[in-house]
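One chain, subunit A, links the two complexes that follow: it is found with subunit B in the first and with subunit C in the second.
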Partner chain A sequence: MTPRRRGQILDALLIPILAILSGLALASVFVLLSKTSPLVAYRELFHAGFGCATLTRCALFTTLERATPLIFTGLSAVVAFRSGMFSIGQEGQFVLGAMVAAWLGYGVHLPPVVHPTVILILAMAVGAAYAYLPAILKLRLGVNEIITTIIFNNIAILFMTYLVNFPMRATRGSTAVTPVIDASAQLPEFLPGSHWGAGFILAILAVAFIWGYLWRSVPGYEQRMAGEAPGFARYGGIRSGRAALRGMLISGALAGMAGAIEVLGVHHQVLQGFSVGLGFDGVLVAILGQVHPIGVLMVAVLFAGIRLGAQIGLQITTNIPRELGGGILALIILFVAARSLYTDLLAWVARITGRGAAPRKEAA
Partner chain B sequence: MIGDILTVAVLRSGIRLATPIALAAIGGALCFRAGVLNFALEGMMLVGAFTAIVAAFWTGSTYLGVLAAVAAGGLIGAIFAFFYLRYRVDLIIMALAINLFIAEMTVYFLRTFFGAFGSWSDPSIRQLPDIAIPGLDRLPILGTLLSSHNIIVYASWIAGVAAYIVLFRTKFGRHIRAVGENQSAAETVGISVPAVKLFVLVTSGCLAALGGAFLSVGHLTLFTRDMSNGRGWLGVTAALFGLNHPVFVLFAGLFFGIADAIAVRLQTVTTIPPSLVQFLPNIAAIVALVLVGLSGRLRWGTLRLRTRPPQPMAEQVDAKGP
Partner chain C sequence: MHAPIDGRALHHAAQGSTGADHSGPPLAVEMIGITKYFPSSEVLANDRVDFAVEAGEVHALVGENGAGKTTLMNVLFGLVAPDAGAIAVDGRPVRIHHPDEAIRLGIGMVHQHFKLVPSFTVAENILLGMEPTRYGFTARAAETARVRGLESEFGLPVDPAARVGDLPVSLQQRVEILKTLQRDARILILDEPTAVLTPQEAQELFGVIRGLADRGRTVIFITHKLLEVVEVAHRVSVMRRGRMIGTKPIADTNVRELARMMIGREVLFRVSKLPAQPGDPVLEVDRLTVNRQEGIPAVSDLSLRVRAGEIVGIAGVSGNGQSELVEAITGLRPAAGGTIRLLGRPITRLPVWDRRARGMAHIPEDRLTMGLNLHTTLDENVVVSRYREPQFAHLGLLVREKIRSLAEWVIRQFSVAAARPGEDIATLSGGNLQKVVLGRELSGEPRCIIANQPTRGLDVGSIEFVHQTLIDARDRGVAVLLVSVELDEILALADRILVLFRGRIVGELDAARAAEEELGILMAGGTLETAS
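On to the complex of A and B.
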């Protein structure tokens, strides 16, 4: 490993860690507002998010279950970003994938193994198709993909609300919910009572696949070049439009699969208000994970753990609203984005102490 | 059927509903003209909605609530500008983080201070009064449409015209547009680029927050979780649809407002499921963007947004060189 490479990895790890610490420190001001000691609050948060008392009472398993869709939507964002498309349409693709799974889960009867496989493939196809629209609008007409994907998210969520309330509604009860899917379609779980299961293995496989695709395959190389250096890519004979389109289709397929796995593996039906922000968190996971599959894997677990810890540890144990979890995550992203803050800080410390290397000149 | 849906009352409610979208859109257009992508309009609007009602409750004056909201939006814009200008923070990542932070923390404060869950209101908070324009209010249809709105509705119209005058009739406006069109050229002739960017970000924060105040103390008198509900993003779309020209943008906002009002109206006069009716503004937005895209092929290419997805930082550090 060259020193430069080692420096890159150190940079990629050090800054997120500093950002997490700064985020927690700044958020403790808000914890004090609700008259609780931040140390107590954070101990509860991490205990409820990552703790493991016994094999049967292990918060970490729940965190891994909740990290599963985030890994997929995070990867989805990584592939899109790496092709030069700032797609934040994971939410819409996720919702449509979930609806495909809910519908085929009870509407079609197939033998085990075949049933979930068929559903996953179709959910991927639907997700990819839904990503095709903003991709083509961007490539043909130059319509900004951030705005179109946000509108497409709204449309998908409204469509889901309609389906859950009317054609696919199971009962006349007060909550709008689709019928429970067949047992043959449900994904196996590792431990009884936990939904942590086959979906997580698929997520790990997806991480490996996307890493191999982006860094060890020719189409992946073309796609990265189209994203990072469009001029160079064109000069090298890469059709960057096609590469970007391919990236968007893979991105949509991953998000669609995430929605299907959430239905097949966890909820087994779709409720009104399903997936609030699950797809959108994927974008943040990708940014915090350095737009890299391995980073996505680590950050997805962190994200899921902080959200779970805020929900169980903060809200139930210490009576602090669980929204603090999201606030902390937002601050962490802010600190990662403002990373030159830390070089400034180091320069300042060096000046105060009067030693150390000359501060690095920042292009501020 | 059509006459049943497109009544004067619906148009009037469309004009009202257009207010927050138009205010955000005018702010967005100012930013885009200066080459700054402001995707934090959604969060700025939400912070305005929250601050307006809380300040109105604490001070007992709705107008002071509105002022506080404008100040809060301006503050968010200033923070945004500080991180962007001083630390070169990616605008879009920053905007996403700000939007998330505000969406979560407004609910956090609501719960911590008022013990309220989904939504909060207090009987002591008074709605912004409607003001009749003398003379205009006696005209038959026009009076109903244009008179007896609250002050924020009028402010949105004034903001559109004022933004037009500033952008196209003043020296400072020429500077704003110069920065957007060619930043290094603007720098060369001595325009202070940071000052221009600070100005557009703070102004857009004030305008979007004023739109938020309309939601919580002008249109209704309550705050609900995620009250802006995508209107900030509709503002971004309206800015593009209006080709970032403040007066066109005002009408683009009106278009979305009327689409919204028609959706509400359809719910009461037909049995179409509400979620299907709410497709309307979204479909309208997509059509609007496609139209902008098509026209972009003609001569408005410079007005289209260019965004670059986030890159891993190791590579960014490399790009800066030794």
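On to the complex of A and C.
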């Protein structure tokens, strides 16, 4: 590994870490307003989000369970962004994937292993199909994909509301909810009492697969070139349209899979208002994770942990409202967006310590 | 380096520069000893340039690309700070540090690239920053009235309510001109105003320019199209390689003389090369038509052929269809008519990658956005045109060791200083970046190279390298089509020269016997018979 490459990786890690520290520091102001010591509050938050007392009372497992859909939707956004398509349609694809899983989970009866496998494949296909429409509108007619994917999200969410309330509604009960899926369709869990299970394994596999796809495969190379430098890709003979379409289909499949895993592994049915923005969070996770699969994995776990910590640790142990968790995440996002602050800071540190980490300019 | 700037020097030069007693009104613009060196590109863009414009005249400033015309005008407009020199406007010595100061002195500039807000209306653009207001709101009726007043005063009809983005380029240019007039510009600088216009639109523009001169405005227009100069200018100043060669009244000169002044008499640097030994035709273009936009041809009915082992040069002033021709041959733009054949096989409808697979290499005009991806590594840059080859892709995966060896080969063979395989290329200098492009394009042993402005923006050393590389390729039997607006380059490299004018080949010359002046006349749209 060359020094320059090592410097890049160091910067890629340092920036999120500095952003998190800055976000926490600024959030302390709000913690102080509720007359709690920030140190106490953050200790509680950390314990409730990442602590692990015993195997049965392990917050980290819950965090990993909750990180699973974020990893998938984050990867979904990474693949789309890396093909030059700013798709934020993960929410809609996620919802449709979940509906496919809920329906086939009770509607067809298949042996274990086969049942979830079939469902996951079909959910991926539906997610991909739902991403195909905005992709083709963009590529053929030049319709802005940001707008179409937002509209498609709304359509999918309303469609889900309809399905849950009418055709797929379980007969009794005051809240609209679909029937519980067959046991054969449910994904295995590692430990009783936690939904952390096979879905997380699939998520890790997906991280490895997407990394390999983007940086080691020919189609991944094509879509990255098309996304980073469209003129260059065209000039070099890459069929950019196809590459972008492929990126969108993979992106849709990942988001559809996220929805299916959430149903098969965690909820086992779909309630009205099932989606709580896990698709949108994917976009943030992707951006915070430097649009890189490994970054997505780390940020998704961090995201889930801070949320859980705020929910349990702050809300229950201290009297700080759990919304602070959302506030901290928002501040971190803000500080990552202001990343030039850190690059300047790092360059300055490098200069005064004489480390020479500043980008090497060629002596022409 | 220079005489100190003082009023005496100004006065003295003022008398000398017009070559006659000048007892009328003071000169509108006078620039003495303007010198500007750009350290980043190591270019002496202006070398002690003297330039004088009389009030109320249309003054053409001509020269080849890079002669320093735009730099000189940017100095006058306050966009570029000169290293030395003095300026007087209307007879008074001035210092112009910023375009605001130039505007206050009554100077307006219409740039090559318009600075308009496409989503605003014509009136909003013209009055941008000085909108008439009423109770703190813009007064639309007053706006329209002001623009109508300007229109009738200068005879430049436009629709004040039209959205600028919807207007054709010629009307956008008119809006730019009105914008400067609204700011009371008495001296208008037009930077290559006809470059973006069709011949008919250019004629209309000349009418506008004459009208402005009739109304007492002074117009300086930059161009390298000599026919336009003769048509519209009262006087013409010629620059070459940063120096002012001379100023002449139009009545005392002709296209032929101007071409000689523009191109220069000095012996040109010629790359040593043996006579070409052309073989079979490799690239055959037959009656090719390419559209710029729907229905507007940029290349019409053009035929050419390039044989193995020869360099065919396409000379021509920029904007005469070069880009469209190259894009059509390389597959980036569809042909509206005609056929293209490579090694005897028709390739007119083949996609880019297929043409490349059949042995076509392309050195693009714009190396930064087309030739390279600056966001990624050298390895990923060198393989873009060849990644489909089985040696670089196996079972859908990139063969990274092979790509790495290709990158190493390019670095070694083309001595790309400072580049390392696997690292980002964004910090490389222009010359080294072009070597990466050349290395990649030559690595696959192409049968045909399409080189479009291959030395644009490069320093002398890199230019020499590029030239030698192309000649070596020719000597190995590669067919080379060289498109360049640099006459020197065409003359140094080409074995045969075709002159492109308004999308057509207007002349073919044997490079060994071609005279620069003849080329200059053909490039300007003249014919050899009438000019001699």
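Here is the rule we use: the second predicted complex is superposed on the first by the 341 of 364 C-alpha atoms of A that agree within 3 Å, B and C clash if a C-alpha of one lies under 4 Å from a C-alpha of the other, contacts with A are read in each partner's own complex, and residues count from 1 in each chain.
Assume a contact is a pair of C-beta atoms (placed from the backbone, for glycine too) under 8 Å apart; a residue touches a chain by one contact, two chains touch by 3 or more.
Being a predicted model, the structure only gives us computed values, none of them experimental.
Of the two partner chains, subunit B (first) and subunit C (second), which one does A:L33 touch, if any: first, second, both, or neither?
First partner only, subunit B.
Examine A:L334 and indicate which partner it touches, taking first as subunit B and second as subunit C; both and neither are also allowed.
It touches subunit B, and subunit C stays clear.
Contact-wise, after the overlay, does A:Y235 reach subunit B, subunit C, both or neither (first, second, both, neither)?
The answer is second: A:Y235 touches subunit C but not subunit B.
When the two structures are overlaid on chain A, which partner does A:V113 contact: first (subunit B), second (subunit C), both, or neither?
neither
Touch check for A:M225: first (subunit B), second (subunit C), both, or neither?
Second partner only, subunit C.
Check the contacts made with subunit A and report whether subunit B or subunit C touches more of its residues.
B
I'd like to know which partner A:R216 touches here: subunit B for first, subunit C for second, both or neither.
In the superposition, A:R216 contacts subunit C only.
Just subunit B (first), just subunit C (second), both, or neither: which does A:A53 touch?
A:A53 contacts neither subunit B nor subunit C.
Which subunit A residues lie in the overlap of the subunit B contact set and the subunit C contact set?
228, 363-364
Of all residues in subunit A, which touch subunit C in the complex?
2, 4-5, 216-219, 221, 224-225, 228-229, 231-239, 359-364
Applying the document's contact rule, which stretches of subunit B touch subunit A when the two form their complex?
Residues in contact with subunit A: 39, 83, 86-90, 92-94, 96-98, 100-101, 103-105, 107-109, 111-112, 230, 233, 236-237, 240, 273, 275-276, 278-279, 282-283, 285-286, 289-290, 292-294, 296-297, 301, 304-305, 307-315, 317, 320.
Touching subunit B in the complex: which residues of subunit A?
Residues of subunit A touching subunit B: 8-9, 11-12, 15, 30, 33-34, 80-82, 84-86, 88, 137, 140-148, 150-152, 154-155, 158-159, 161-162, 165-166, 227-228, 283-284, 286-287, 290-292, 295, 320-321, 323-327, 329-331, 333-334, 337-341, 344, 363-364.
Of all residues in subunit C, which touch subunit A in the complex?
330-332, 351-356, 362, 364, 366, 369-376, 380, 384-385, 387-388, 393, 396-398, 400, 417-418, 420, 422-424, 427-429, 431-432
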